[in-house]
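I'd like to ask you about the structure that follows.
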Amino acid sequence: MSPGPEVRDVTRDAASAGAPPSSPDVTEGSTDPLQRRRSDAARAERRLGWALCAPAVIVMLAVTAYPIGYAVYLSLRRSDLRFPDAARFIGLDNYVTVLTSAYWWDALAVTALITIASVAIELVLGMTLALVMHRTIWGRGTVRTAILVPYGLVTVVAAFSWEYAWTPDIGYLAALLPAGSAPLTETWQAIGLIILAEVWKTTPFMALLLLAGLALVPEELLQAAKIDGASAWKRFTKVTLPLMMPAVLVALLFRTLDAFRVFDSIYIMTGGSQGTGSVSILGYNNLFTALNLGVGSAISVLVFICAAIIAFSFIKLFGTAAPGSALDGGN
Amino acid sequence: MAISSRQKAGWSALNVLVILWALFPVWWIVALSFKAPADIGTDGGSPWPTDWTLQNYAAIFTTTDFIRALVNSIGIAAIATAIAVVLATMAAYAITRLRFPGKRALIGLSLLIAMFPQISLVSPLFDIERGIGIFDTWIGLIVPYTTFSLPLAIYILSAFFREIPWELEKAAKMDGATPFQAFRRVIAPLAAPAIVTTAILVFIFCWNDFLFAISLTSTPRARTAPAAIAFFTGSSQFEQPIGSIAAAAVVITIPIVIFVLFFQRRIISGLTSGAVKG
Amino acid sequence: MAELVLDGVTKRYPDGALAVYRMNLEVGDGEFVILVGPSGCGKTTTLNMIAGLEDITDGELRIDGEVVNDKAPKDRDIAMVFQNYALYPHLTVRDNLAFPLTLAKASPDVIREKVEGAARVLELTEHLERKPSQLSGGQRQRVAMGRAIVRDPKAFLMDEPLSNLDAKLRMQMRTQLSRIQKRLDATTVYVTHDQTEAMTLGDRVVVMRAGHVQQIGTPRELYDSPTNFFVAGFIGSPAMNFLPATIETDRLRTPIGDVRLTDAQRSALESRDVGREVVAGLRPEAFEDAALVDASRAPGGTFTATVDILESTGPDVHAYLELEDARGGQALLEAQGAEHDGNAADFRSRNQVVVRLDPETQAREGHPLKVWFDPRKLYIFDPRSTENLVA
C-alpha cells in the first residue's frame, strides 16, 4: 500500500483501516494553492521571528563583535596614545611584547589562581549553604533574603568593606591580627583576601542555583534510597548529586567565566600592586597608565581567547546538556 | 515528624551563623559610615560606632560630585534597563512562541556574550567612543550596559514566558476578545511580573558595573556612583575619606536592599529559572 | 441556539500533516454531539476549526446557514470550555465570569445579574471573590462552564472538559453537565477520548480515527451496528472479541466452533465480493456460562476453554479464556494491527477471548469452563477493508 498522508500524532499508516478503500491520495490534486498559503504562513512566522530578534542581535553584535574585530586590528598596529602619529602596522609585535613579558604571565597565574580557588571554595560552600536552606526546619525565607544581600551588593562596596576590615587600626579583622601586620600589602595574603571577598560576594548566587537544582531531586527517590539502606552521604553522592548535575555545571560555567574577569575587588583592595593584578587589571593599566592602545588591545584579544577556551572546554563537558538548550522550547 | 528541641537549636545556630556571615560585612560598612572621622583608625576597628554621627553623609551630599554621580547612575541604569528589557522581551517572545531558523544561533550568541570578558572590549570601545564622540557621556555607558544585560534579560524572560499559559489567548478569543484585547487584558497582566523581575535584575547588573564606568568616563559628567566613590579624595590631603566612602557605599546599597527585600521571591526565581532546566 | 454544519471540512497543517479529511456533520439546534476517538484522530482540531482558532484548509463551516470560515472567533458567537479550564489566573471568579460580557460591553447591571445567575446555577456564589488558584478542580471546571454560559452563545464547544477530574467527580459533573445542556437547550459539540462519556452524554456520537469520520450515529446505533472493525472495537468495554474465521458455504468456521450463518447474513455476504477468510466479532456480553443458560430456550453455540483470569466488577464477572486452537491467524493479525493502533481495545493475544458472565458462575481460574454464546450477535468483518459485512 502506498503510504497515505501522514496524520498528526498518528505514526501508523493512516489509510490502512479508517479511510474507505477508495479514498483518493490527498497529497495529490488540489493542494497547490494550499501549499502556497501554508508556506506563506510559515514564512510570515519566520519573518516575524527574525524581526523581533533583530534589534537585540544587532545591538549585541555591534557592541561586541565589531569592537573585538577592531581590537584585533588595533593589536596588529603600533598605537601608542602618546605618539599618535607613529601608528603603523607592526604585525604580531604587540603579542610578542605581551607574551614575553613576565607581567602577562604573572597576571595570568594570579587570575587562574583566584578563579580556581574561589570557584572551588564557592562550590563547596554554596552546596553546604544550599543544603542548609533546603533542609532547615525553620527560617528558610530569612536565610534566603539574608544571602541575597551580598549578591545584590555593588562589588565596589563589598570590596571597600573587606579592605577596611583588613586595614590596620581601622578594621575589626585587622584588630584580630598580631600588631604590625598589614595583610593587604603582602602578595599571598592579599590574594587570599581577594579570594575571600570574591567568595563572600558570589557564593549566594552559587547557592541559589544549587538550591533550585536540589528542589528538582524528587523526595521519593531519596526515601527509596533510604529504604534501600543508603547512608546520608551515599544518598547525596549517588542520588542527589547526579540528578542536580546540570544545575552544578551551569553554576560552575557561569561562575568560572565570571571569576576569570575579576577586576573590581582587586582594583579597590590592592590596586593590583604587590603582584596581585589579574589580566583585567593588566589590560586596564596598559590602556590608562601606559596609554598603549596596541598592547592593551593585544591583551584584550588574549583574554578573549582564554575565556573562549574555558567556555569551549565546559561546553565539551556539558555535551547536549549545554545551558540554553532548555530555552529552545518554542517547538 | 516530631522535631526535637535539640535539632531545632542546631538548625537555629546554623541559620544564625549563615545570616551573620552574609550580613556582618554589610553592617560593618554601615557602622563605619556613622563613625566620626576622628574615631576611624583610633577605635580599634570596633563594629559599633562610639559616637553616632551623620557627618559623613553630610559631607558627601554637600559636594555636587556625588549627587551628580547618583543622578548619572540612576539615569544610565534606568535607560539601559528600559532598552534592554524592551529588546529582550521581543526576542524572548520570538524564542518561546515562534518557529524560525537561527533560534539556536541566537541563544548561542547571547550565551557567548554573557560570558564575554568585559576587559576585552574596554580598549576598542575606548578608542571607538572617542572617535565618534560619545566617550564620557551617558550614551557611552548605556550602550555597553544594554549589550551586556541583554543575554541575562533574554534568558530570564524566555524562562518566564515558557511558563505563561498561552492557551489563555485562545480562551480570550473565544470569549469575544480581539487579538489586541487578548494581549492587553490577559497576556500583558500575566507577563508583567516577569518583566518587572527582569528589569530589577538588569538594573542591579547595571548599577553594579565598575570597569566600564571607570574606563569610559574621564570626568564627573557621566561617572556613575561606584566609579565616583573610587575616586573620592578627602576634604584635606591628610585626611582619609574612609567615612565618606562608607557613607556613599551605604547610599548606593540602599536601593539594592530595598529591591531584595520587596522582590526576593521573584528575584530568586528569576536568577534560577532556566539555569536548572539546562 | 443554532444549527452547525460542517461541509467537507479539511485541515492540513503547514508541515503537510493531514488532521481532518472531508468531514461532513450536521448538528441540529439544541443537539448534543460528541466527537470521540483516540488521541490524534482530529477531534480537537475539528473543534478548533468550529471555534475559529484554526483555519479551515478546505470545505465550509456554516452556522445557521451562514458561512463563517473566515470569521474571527469573536464574531462567531460560540463559547468554548477548555480541557485545562483556561481560567484567567489574575482575575477573580466574578471577573472571570464577567470577562466575555465586559468585552461585549454589557452594562454593569446586566453583567452582575448574569454573573450571579450563572454562579447560582453552578453553585459558585460563595466563591465569586476568590482567585482560580484557591478553587478545587471541580469548582474550576464549573467556573469554566459558567464563563461559557453567561454569554448565551449560539453553540457550546467543549474540549474534554471532564478529563482533569477524578473518577467520582467526573461522574457527578457528567450528570450535571447533561442537565444543564438540556435545560439551556444548547447546541453542543463535545470532544472526548472516553467512550463511556461519549455513550452516556451524547444525542449522537461521531467516531473519528486518523482524521476520518468512521461513523456517525446514536450511541445505540454505534453499539448495535458498527460500520467497521475500528468502531466495533472502540465502543464497548471490555472491547469486542475478534476471531479468525473461514466461510464454508452456509457456516462460519471459528476457533470457538462452527456457526451456522443466518439467511440474512448469507445474503449479505453473497452480495459482496469477499474471500473466504474473514474476521468474526463477538462482544463479551454475547457469552454466558453454559451452566447458567437454559439451552432449550436459548439456542446457541457452546465451547470449552480454560479460564486464565477472572475479574469481578460486582454485577458481572469478566473471564479471560485461553483458546487452544487459533487457526487462520493471518486475517486476524492484519485486522488486529488496525485495531491496536487505535488503542481502543486492550491488547489481547489472538487466542484469548473475554466473556462477561453472571456473578453466579462457578468458573475458577486455571480450570476449563463450558461457555455458551449467542450466534445472532455475531459480526463479520472484511479483514482488508475492515468493514462490517453484515450490518
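Observations
Labels for the chains are A, B and C, by order of writing; each one numbers its residues from 1.
Definition applied: a contact is a pair of C-beta atoms (placed from the backbone, for glycine too) under 8 Å apart; a residue touches a chain by one contact, two chains touch by 3 or more.
Just so it is clear, the model here is predicted, and its values are computed rather than measured.
Averaging Cα atoms per chain gives one point for each, and the point farthest from that of chain B is the centre of C. Judged by contacting C-beta pairs, the busier of the interfaces A-B and B-C is A-B. The mean-CA centres of chain A and chain C are about 53 angstrom from one another, to the nearest whole unit.
Averaged C-alpha coordinates give centres for chain A and chain B that are 17 Å from one another.
In this assembly, the C-alpha centroid of chain B lies 57 Å from the C-alpha centroid of chain C. Of all residues in chain A, those that touch two or more other chains are 42.
Shown for chain B are the residues that touch two or more other chains, of which there are none. Of all the residues in chain B, the ones that touch chain C in their complex are 165, 167-168, 170-178, 181, 185-186, 189-190.
Of all the residues in chain B, the ones that touch chain A in their complex are 3, 7-8, 11-12, 14-15, 18-19, 21-23, 25-26, 28-29, 32, 40-42, 44-47, 87-88, 90-91, 93-104, 106-128, 143-144, 146-147, 150-151, 154-155, 158-159, 162, 204, 207-208, 210-211, 214-215, 226, 229-230, 242, 245-246, 249, 252-253, 256-257, 259-261, 264, 267-268, 271-278. By the touch rule above, chain A contacts chain B in their complex via residues 42, 45-46, 48-50, 52-53, 55-57, 59-61, 63-64, 67-68, 70-71, 74, 129, 132, 136-139, 141-158, 160-162, 164-165, 169-175, 200, 204-205, 208-209, 211-213, 215-216, 244, 246-247, 249-251, 253-254, 257, 260-261, 263-264, 267-268, 279-280, 283-284, 287-288, 293, 296-297, 299-301, 303-304, 306-307, 311, 321-331.
Listing the residues of chain C that touch chain B in their complex gives 51-53, 72-74, 78-80, 82, 84, 86, 88-90, 99-100, 103-104, 147, 151, 157.
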